[in-house]
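Next, two complexes with chain A in common: one pairs it with chain B, the other with chain C.
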Partner chain A sequence: MSLQLDFPAVLERWPSLLGGAALTLELAFFATVLGALFGTLAAVGRSSQSSLIAGACKVYVESIRNTPLLVQIFLVYFGLASLGLKLSAFTVAVAALTINVGAYTAEIMRAGFEAIPRGQIEAAEGLALSRLQIYWHIILLPAIEKVYPALTSQFVLLMLASSVCSQISAEELTAVANYIQSDTYRAFEAYIIVAVLYIALSLVMRAGFWGLGLVLFPRRRRLGTPL
Partner chain B sequence: MGGHLNINHLTFLGQGALWTIGLSVIALIGGGIVGFAIALARISPLKSVRLASAVYVQLIQGTPLLVILFLGYFGLAAIGLKVSSLTAAGASLTLYVAAYLGEIWRGCIQSVPKSQWEAAEGLALSRTQRMMKVILPQAIRIATPPTVGFMVQIIKNTSLASVVGFVELMRSGQIVNNSLFEPFAIYAIIAVVYFAMCYPLSLFSQKLERRMGRGRSNLASA
Partner chain C sequence: MQQSTPSPEPIVSLRDVQKSFGPLRVLDGVSFAVERGEVLAMIGRSGSGKSTALRCIDRFEKVDGGEIVVCGHRVDRPDVDLRALRQDVGIVFQSYNLFPHLTIEQNITLAPCAVKGMATSQAKDLARKVLAQVGLEEKLLAYPEQLSGGQQQRAAIARSLAMQPKVMLFDEVTSALDPELTAEVLRVIEQLAADGMTMVMVTHEMGFAKGIADRIVFMHRGKVHETGPASILTSPTTPELTQFVGTGNLKS
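Now for the complex of A and B:
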């Protein structure tokens, strides 16, 4: 066994590596924003009085959480194509990741909603807040604050999972690594460098969410503890 | 492109499903053994051991499984170690699962009440005795629901072994699709089979969690 590592051969492709990392972040950004909205709606839907809506939300959450992301991406990719919709790999990737992370977000948000004490809502009703005000100030924002660490972990996992999009030729970081390794035959070096980039991206994301948390939850910032 | 889905295709998919289960068991056992060592290392009295295991967990949890699989398959081949796709997938999944199970189990061990540790120490039990006779039996009870829940993740994650050419359920679906070209129908079947494997485990994990919650509240009120 001759072990000769040649990292410069891979590192000289830094423009495409950076481009891949940027696309990975872009995928993660869109899927996080859309998935958070989608998941919150599904969490609200699960506690709906209409058993049809609640049931549909439950089917959505359970079917996504119990099948692999790779299968979901292929289903969206080929499913939309067979309906005659020709979409770019990027659009399909964002759609599939959104559907996927939405289901996990829904479960996390549901736990957050359930953690809101009933008395708080009754107190808000007693203070004659409107339904919308109650939903926003008493239920939604405190619930997000409670589950914020879990949401952060989920969205970082989503960024890592976006590597699967390389399988439908979205040119993100893992796809760039595949391309470099088939071009230079420096597989070990290429994947080590990409692994380091992913670790860096996940640290950047965690730092970003921590900063965002400071802005979003001033009470937490002042007290130094969660609710 | 030819023909329709017939019994041969279904048998082939069935074999793939069996390999998915096989690979999941390999990952669970391998990852369980290494993960247990990681969990113990994370609460070791030695600072260097704690630090090394924490770094391991951070590195693995910050890297996508797909990249770890590629490292195991192409990477080891490139530096002269020729490994089969089963070995590469089994080893990569073991390393990946170990980092997550290690963290889950560390949490469970640490959630055994502090007074139990102190009582065991007060009875002059050695560190090994304390672990084996007092802490672990209680930690295993706490650890069962999240571990069953994580088995769902393991089964889903074995689908990524398809990209290094290991013929499990996902890959066998791709192969069948290559001859039939009915991607939507075939991947829908694949999704249903994965669901049939994962959903019972999810339900079981939820049931265990509820039962544990009841046990705990009984304990608190007693």
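Now for the complex of A and C:
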């Protein structure tokens, strides 16, 4: 038996492939930005003095981390539909991915917050800074810096996991592959090409995070300490 | 309440302060007062309650009983205005606690800008001024990790000074430093005293305390066991202080 690969049959669909890759990157971008915000707030909330807020954040984080992403996506999709909300597949996908990655971000950021020495906070309190100012000026950036590699991996993972959004017919990269292979009967070739495209997208994201790190942590740049 | 007019009221006063951590009674009726321009040195064995007493003044610990008045603020009351209190009080810790992600200049300008709403350019001038006071002008743009321990501690003092506090609290600020670096930090504190700053300092440097302090408070088992002018270090009356200064602590 010989293996015959016909890449051109798939590659001639390059506009759809590029479109799919672009949509995947877009999904990842919005879910990363929103999820980072959402997750950081949830991490702050978990150390809230109000046990209601702390409890709610814990329930959110634990229920997301213990259910499959695909089920979460369906819950958002059918949940919003049963409320009579007609949203695009893209919006639903961003919402579901945000909720998902927010929970993981919350856990990572919590570790970051806990790594800030107590003395730093006391010094800031002694300078009469408010709680909010302390979070903003003293805790946030060093906390992010401490967990930056973990955050980067989590968001790259999110981009890869967004492939299950093909299930609600968001036209992202995997969905494009699905329908090219059913058109051309070139399944293996289609998924090889898509896999390569995912690797390229991962590299793009990692480069993006590396660049962002240079902006966020000027001390690292000045002193030449790698993350 | 108006505090800017000179008053006969002490800057800091503690009356019968009680504080326990669980079953452990750490402060057992502590009273002392610090007048404007005075330097009070708190000494005593490890675990005698010195840090706790100091932290109560800036309300890092809540007292269980007694009265603390600092620059007119009733610190023992639950409704004390913490941010107003902490603008009047500067505190420096043993572990300098500079903010590692900010330059020395940013460490210093942060609170004046964020808390007092000072303009950036004015805050930068202030940073230069307080750094000159501690002899670190050239470190303006350095990051904390680029400084020696003594330099970091001096920068931490400068950071506190930039808030123009009415009283400074020092908790064993030289304990983490070797003798040479200790000396450079002590010189800064000496200069502050000469400039008339009101200070409460916990210290193990007996010779230094003797030279600089207007009043000594010797803490023992959560109580002010003996207090008086610096001369009590050379002629103590209680056996505990006699033993404490006798154990090689008194160097000058």
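Operating definition for what follows: the second predicted complex is superposed on the first by the 223 of 227 C-alpha atoms of A that agree within 3 Å, B and C clash if a C-alpha of one lies under 4 Å from a C-alpha of the other, contacts with A are read in each partner's own complex, and residues count from 1 in each chain.
Keep this in mind: contacts are C-beta pairs under 8 Å (C-beta built on N, C-alpha and C of every residue); 3 or more make two chains touch, one makes a residue touch a chain.
Bear in mind the structure is a predicted one, so any value in this text is a computation, not a measurement.
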Chain A as common anchor, with chain B and chain C clashing or fitting: fit
Partner chain(s) touched by A:137 [first = chain B, second = chain C, both, neither]: second
Partner chain in contact with A:69 - chain B first, chain C second, else both or neither: first
Of chain B and chain C, the chain that contacts the larger number of chain A residues: B
Touching partner for A:122 - first (chain B), second (chain C), both, neither: second
Touching partner for A:7 - first (chain B), second (chain C), both, neither: neither
Which superposed partner A:82 touches (first chain B, second chain C, both, neither): first
Shortest span in Å between Cα atoms of chain B and of chain C, once chain A is used as the common reference: 21
Contact residues of chain A, present in both the chain B and the chain C interface: none
Interface residues, chain C side, partner chain A - complex: 58, 60, 82-84, 86-87, 89-91, 93, 95, 97-101, 110-111, 114-115, 143, 145-146, 156, 159-160, 163
Residue ranges of chain B in contact with chain A within the complex: 58-59, 61-68, 70-71, 74-81, 152, 156-157, 159-160, 162-163, 170, 173, 183-184, 187-188, 190-191, 194-195, 198-199, 202
Parts of chain A lying in touch with chain C, wherever the complex brings them together: 117, 119-120, 122-130, 133, 137-138, 141-142, 145, 217, 219, 222-223
Parts of chain A lying in touch with chain B, wherever the complex brings them together: 1-3, 5, 62-63, 65-72, 74-75, 78-79, 81-82, 160-161, 163-164, 166-167, 174, 177-178, 181, 185-188, 191-192, 194-195, 198-199, 202-203
